[in-house]
Amino acid sequence: MSGAVKRFIPMFDRVLLQRAEAISKTKGGIMIPEKAQQKVSEATVVAVGPGFRTEEGKTVPLGVTVGDKVLLPEFGGTKVTLDDTDYVLMRDTDLLGKFTE
Amino acid sequence: MSGAVKRFIPMFDRVLLQRAEAISKTKGGIMIPEKAQQKVSEATVVAVGPGFRTEEGKTVPLGVTVGDKVLLPEFGGTKVTLDDTDYVLMRDTDLLGKFTE
Amino acid sequence: MSGAVKRFIPMFDRVLLQRAEAISKTKGGIMIPEKAQQKVSEATVVAVGPGFRTEEGKTVPLGVTVGDKVLLPEFGGTKVTLDDTDYVLMRDTDLLGKFTE
Amino acid sequence: MSGAVKRFIPMFDRVLLQRAEAISKTKGGIMIPEKAQQKVSEATVVAVGPGFRTEEGKTVPLGVTVGDKVLLPEFGGTKVTLDDTDYVLMRDTDLLGKFTE
Amino acid sequence: MSGAVKRFIPMFDRVLLQRAEAISKTKGGIMIPEKAQQKVSEATVVAVGPGFRTEEGKTVPLGVTVGDKVLLPEFGGTKVTLDDTDYVLMRDTDLLGKFTE
Amino acid sequence: MSGAVKRFIPMFDRVLLQRAEAISKTKGGIMIPEKAQQKVSEATVVAVGPGFRTEEGKTVPLGVTVGDKVLLPEFGGTKVTLDDTDYVLMRDTDLLGKFTE
Amino acid sequence: MSGAVKRFIPMFDRVLLQRAEAISKTKGGIMIPEKAQQKVSEATVVAVGPGFRTEEGKTVPLGVTVGDKVLLPEFGGTKVTLDDTDYVLMRDTDLLGKFTE
């Protein structure tokens, strides 16, 4: 079963995303309970589809690539579990933005 | 009646899918009751339509082929029974992704 | 009135379909009451329209022809009665698939 | 007022239709009350518009002409009264089919 | 304020219409109360817009011109009052048909 | 803050409009209370956007220019306040018509 | 974490906006409680996406650039928090207008 993520190719304009883990320490290093933590909506692109299929049948490459750090909307996308890890599948047009290095 | 599946061609951009059977043993080999099993949403492509018909009448080949292992959304598609076996018919754009070998 | 079906041409991308009759015997030849029978959703194409009219006014030939055995969704289409026989009118994109010989 | 129908030109892809009268005799010639009669949904095309206007502004001729016998869906269209006679106005794509001679 | 109608140009594919007055006499010349009168849905085109603006930005001339007698649907359009007279503004595709001389 | 209106450019196909003030005198010069006044829906175009952006990315100039007297629908548009004055922002396709001089 | 805003690129036709702070003094310099303040809907463009992706896959540059002062509708957009500051992400077609210098 291991390696399912590596073999996974999203269809068309979908991207597979892994949410960043919520930081559970304050800047001073004190652990805070989970409810007090800010909702994390940053994620890393794990796999991308070949592209958006236009009405005419052309394939348009996506706006993100594997490894990109992106910002997700609070709702939307499909939760999938591969290799016992939770991911989110979302179309690239539903992503809010990405972070450059 | 046998062979109905072999003779079946989905219309346009539809694909015929057979869901993977739920694995009913734990890694240690112990049988677990069905309710404790994880919902299986992997499937194998059994038949594919000729392609998506564009607004201009062109046919665009599908993104999957017979034999592909794919990931399905939890809901959607049409259940059909051929040769006493259950299948799911779904448009290729509704598939979430596929697994490479 | 006889022959109304022969003279009937569906408009555009519609096809006229006659549902297969439910098989009322088990494999062993025993008659079973109708409620125990499986819902039949196979049909034969009786007449086809000239084709789908695109937004630009072109006509695109249909994906089925007269005599094709097709699979219908459980719901949808329009029931029409011609020559005291029930038929279903449905757009070809709503058909699920067809059976080759 | 007489002749309003002759002077009437439906707009774009609309057609003016006159429903066939319900046959009020059985084959044996016995008059039957109206409620027992089958709902008549055949009609004759009385007038047709110049054609469907595409998104680009082109006019696409209709699929029926004056005098055609057509089959109507049970619901839809607009009832209009011209010269004290009831007609139905309907887009040609909403017609189910036509009968050839 | 007089002359506001003459100076009025509907936007794009809208037309300004003045409904025909309900005829309040029977053919025999007897006045009948208003409720017994048939709902009048004929109208005269008073002003027309320059045309429908396509998705590509082209202007497509309308299918009616000033002075045309047209048939309106019972509902729809926007009531406007110019020079103390009531008019209806409606897109030309919502008109049902027109009468030739 | 003064001059905000002069510096304001509506986006795309939006226009900034200032409603005409309700005339509070009858023709004979008698002041009438506000409720008896007719709802004023005429307005003057104060600013216009560069144009409608088509699906292909072209900009199509608007059908009105600054200074045009237009007729507005009763509902719709967005109320904005600039320099302590109320305006309405509306897409040019939602305007009903304009008045020529 | 500082600098997340600088590294943020909105996807496609989205723009990142920072609302203007509500002015909490009257012209005469008296502090007024927050409820009496006018709802501020002006904002500054902080980051812009590469452009709108058309149905054919072309990218169309946006109508605003970083630094532009814009007017926002009261509702709409997505609130995001970067570097402990609140921003609004909105498609450029949802912006109402911009202010020139």
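Per-chain residue numbering starts at 1, and chain names A, B, C, D, E, F and G are given in the order in which the chains are listed.
One rule holds in what follows: contacts are C-beta pairs under 8 Å (C-beta built on N, C-alpha and C of every residue); 3 or more make two chains touch, one makes a residue touch a chain.
On a predicted model such as this, the values are computed, not experimentally measured, just so you know.
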item	value
Minimum number of chain-to-chain touching steps separating chain B from chain E	3
Inter-chain centre distance, chain F versus chain G - centres from mean C-alpha coordinates, in Å	24
Centre-to-centre distance between chain G and chain D (centres being mean Cα positions), rounded to whole Å	55
Distance from chain C to chain A - Cα centre to Cα centre, in angstrom	44
Multi-chain contact residues (two or more partners), chain F	55-56
Pairwise touch network: line, ring, star, complete, or other	ring
Chain D contact footprint on chain C (complex, rising order)	4, 7-12, 14, 16, 47, 49-50, 53, 55-57, 78, 80-81, 89
Touching residues on chain F, where the partner in the complex is chain E	38, 41, 52, 54-56, 58, 60, 63-64, 71, 73, 92-93, 95-101
